[in-house]
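Take a look at the structure set out below.
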Amino acid sequence: MFIEIGHFAVILALVLSVVGIVSPVLGLKTNRPDWVRIGRQAVTLNFFLVSIGMAAMIYSFLTNDYSVRYVAATSNSKLPIFYKVAGLWGGHEGSLLLWVWILTAYSTLVVWMHWRTQPVTMPYLVSVQSLIMFGFLAMIVFLSNPFERIFPVPLDGKDLNPLLQDPAMVVHPPMLYLGYVGFSIPFAFAMAALFSGRLGEEWIKVTQRWTLFAWMALTTGILMGGYWAYYELGWGGYWGWDPVENASFMPWLVGTAFLHSVMVQEKRKMFKVWNLFLIIVTFSLSLIGTFLVRSGVLSSVHSFATDPGRGLYILVFLSVMLALGFGTLIVRSGKLKSQIELDSIISKESAFLFNNLFFLVAAATVFLVTLYPLLIETLKTAKVSVGPPYYNAVFMPVALGLLLMMGIGPSIAWRKASTDNLKKNFLLPTLIAVIATVAAWLIGIRTVFGMAGALTVSFVASTIFIDFAKISALWARRHEINYLLAFYQAFTNNQRRYAGIVTHIGVLVMVVGIIASTVYQVEKVVPMRIGDTMQLKEYTIRMVGLHEVSGANWTAQEGLFEVYKGEELLTVLRPQKRLYPVSQTPTTEAALYTIHLGHVFLTMPEVGSDSVTVRGLINPLILLVWIGGGIMALGVILNIFRPRMKTP
Amino acid sequence: MIKTWHFVLVIIIAGVLSLFYKGLWGDPRAIPTVLIGTQAPIVSGPEVRTGEMISTGRFQGKVILINFWASWCLECRTEHENLLALNRRFGSNPDFVMLGINYQDREEDARQYLQVNGSNFDHVRDLKGMISIDYGVYGVPETFVIDQKGVIRYKYVGPLVGQAYSYLTESVLQPLLERRPFPSS
Amino acid sequence: MKKNTIIAIFPLILLAAVPLSQSMAATVQEERIDLQMRDIAKTLRCTICQNESIWESQAELAHQMREIIKERLIKGESPDQIRAYFLNRYGDYILLAPQKSGLNWLLWAGPFVLLAGGGLFLYRTLARWVVQAAEEKQEAPPPIDEHLRKRIEAELHSRED
């Protein structure tokens, strides 16, 4: 019964989304404010309706209602409650519902928060958001209906894919969607700006915090996915350049470019068309990401069931959105003329543009490579793969270039950087970077990747340090206070800028983690019996046992491994080879021991009758990858909740 | 006013969309055929049921059909009857020999499979995956046809049923055995 | 007698040392082969898996492929020869880093060409803007007096970067 109510609510939402598209525009054209307001109510009501749909689905999951096809496919009576709820986004139909729900929630928030202050743009925004809603709701209702019943009703569900039965996977998809869908807000504002002709800086100022939030959610979502891959897929890496990973990385790259280049428009009123272009690209890439995952165009670990009909629908919808976005930009941008005021090429304005160039080339590379196999298949009916060895050779240099820009950009002056400014800000960091690189060479870092890393990281780190030191000194002198307080005051006084720097610090920390854990990883795969030992750098690993254990919905072979450093017993690790009987899927559960921000990582890929295969890794400093991610998120939070700028 | 970047943008977007469109109809399982026209690697190993060593070195100058299968492979079951029929039709020809290769399988399972489903030709166990890797096998079932000179002439991925079967018999095996020119694709 | 015993034992010790050093050399050799095998395996795709190299994959086929790499390394084949062996059988699909030939240059050179071309384009555009801005400035009325300008600059300086 509940399911039918939910289903009906979602169908109603589809109808209302049409109202949401049409009525505000009609209201504007015919000058009837009531009609515009109807649009707002439609959006708000849609949030409640889709929420009812969500609630009905969750209810069916919790009550094990296997007459619902989707529940029967992604849940099981033995599944822990935690994962039953997560089952909602464990498959194609349900995750689509979550996508729309997040969209309606965002839209409702935006409409109520900005209705008074943005009366001119709001009607267009409502229309655009409703159009996106319509696209996804129509897909849910007609092609991917999670409310569908089956008959005969199965006795039990087929279970959630065991790989997804993991805390990180419970949070990863919602986070990712908060990011993807979050970009629809600046997108809708940009479209509204284009339609209404209000192409000033207003839309950028209004959407700034929304964009930051979406970016943070996307960043967190991607990193969580990485952490999941790290310990759940069992090969000890966190990023495999899988097409679906790439699909989330592309909007991230362009979104990051957008976050940077809007600052130029705010400060100097330049690059107006460029910023509109960037946000349209960012949101389009979010849609393309959704398309790639669901259409079966690319094979990947994450693909949902493939279905050309569904794929065709998404493609049509995608085409409509792309045509709308870029078409409007092309038609409307002729009227736009940025005031171009540039005093010198050596200035912050151009640093921002070069930053954008690097980000876009990075995004274009990922885009090209993700689609390249498809291109080759179409042109030559041959099959190619492009994997990690390629990215290490091509993407990494571009990424290092970006990193270097991160050192230059924040410290270079607006308008025109004098030689004095350059000397003051960059002479010392350059020296430090050179010294650090030589030092790296001397302590035995000989790989190109490692040395280039040492060079760029030390350069950027020292520019940041000098920046902080200078501003603290200035405030300490001026207000006659101690350095710590001065730093705090200086920081809060221009929190927008310094919160950004905090995010940059997070990036640096992450880069150190990435380089250390890739270049200095030690990895061994050996067969072992009880009593055998394996040496991993300074750690001795001794297998002491192998027994059966079981959980709520799985059984496992669990190995016992003592980890020694010299004579000292550090810990006992218990990697498992699990079997989820319902879906007959085996998984490898890694066991981790954290030491000095790194991991001793053990998995048992194969378990025989008397011997097991053990994969042992030392991943030095790998935790820095996620600590860095945390610092990046912290920087964004500080940015979103910044105090108003005071006059010193 | 139309500018250059408008053109570039439209072309790129149109290109990407048409690529996606093409991609929708592509078969993600389509597999390239690289070995065709090259000298076939020699196959040798124990027969599944008798354990007797078999090597294709013995069959020089004959047309050899090699079929990779496994007991756990459901699609292999659908083509099994056709394989038996194939050997009934061509098996009497002294120029023809047929060989099954048991791929990634347990010996008991393979033996039982043959016992249940019957078989009228020999099957070699692929002990360490050497044979299937030598032939670049992506999955089972896969079928190869080798001509009298020992060159791989035809490869088919998937079960030999319906059109695939009649194409193999009429357009590949028959012409090869009669030493007629063989359609290249 | 003693001397003789020592003299007699000495070659025996040496003899014992031979297999010992051999076995030590063997383990060193084995580790080297394992490392080489890993490097090669990481560049080959597990053809039956989804986006995994044969090093990462736990599939039986990947395991057998790793064994083949090892055997061929022991036989003295070079990594490129081994990759060629797999390439000839499975086609381009098995290489995780596409060959540097033909259309693949789009992948290998594309990003750098884009970076260089984009950089050049950007530099030229910026240079044009600078010239434009300078021209407009000349037409514009004379700026505020020097004293005020210095004060504003000092103020700006203290507020941010």
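Remarks
All chains are identified by letter, namely A, B and C, in their written order; residue positions are counted from 1 within each chain.
Just so we're on the same page, contacts are C-beta pairs under 8 Å (C-beta built on N, C-alpha and C of every residue); 3 or more make two chains touch, one makes a residue touch a chain.
Source: prediction; values computed, not measured.
Chain contacts in this assembly form a complete graph, since each chain touches every other chain. Judged by contacting C-beta pairs, the busier of the interfaces A-C and A-B is A-C. Mean C-alpha positions place chain B and chain C at a centre distance of 36 Å. Rounded to a whole number, the gap between the C-alpha centres of chain A and chain C is 25 angstrom.
Chain A and chain B have CA centres that are 43 Å apart. Residue numbers of chain C whose C-beta contacts span two or more other chains: 91-93.
Residues of chain A in contact with at least two other chains: 299, 382-383. Looking at chain B, one finds that residues 31-32 touch two or more other chains. On the chain A side of its complex with chain C, the touching residues are 234-235, 237, 240, 242-243, 299-301, 303, 340-345, 348, 350, 353-354, 357-358, 360-362, 364-365, 368-369, 372, 376, 379-380, 382-390, 393-395, 397-398, 401, 410-414, 467, 474, 478, 494, 497, 523-524, 588, 605-606, 648.
Chain A contributes residues 291, 295-299, 306, 308, 311-312, 315, 318-319, 322, 326, 330, 334, 371, 374-375, 377-378, 381-383 to its touches with chain B in the complex. Residues of chain B that touch chain A in their complex: 1, 6, 9-10, 13, 16-17, 19-26, 28, 30-32.
By the touch criterion stated above, chain C contacts chain A in their complex at residues 34, 38, 42-43, 45, 50-53, 55-56, 58, 91-98, 103-104, 106-108, 110-112, 114-115, 118-119, 122-123, 126-127, 129-130, 132-134, 158-161. Taken together, the chain C residues at the contact with chain B in this complex read 47-48, 60-61, 64-65, 67-68, 86, 88-93.
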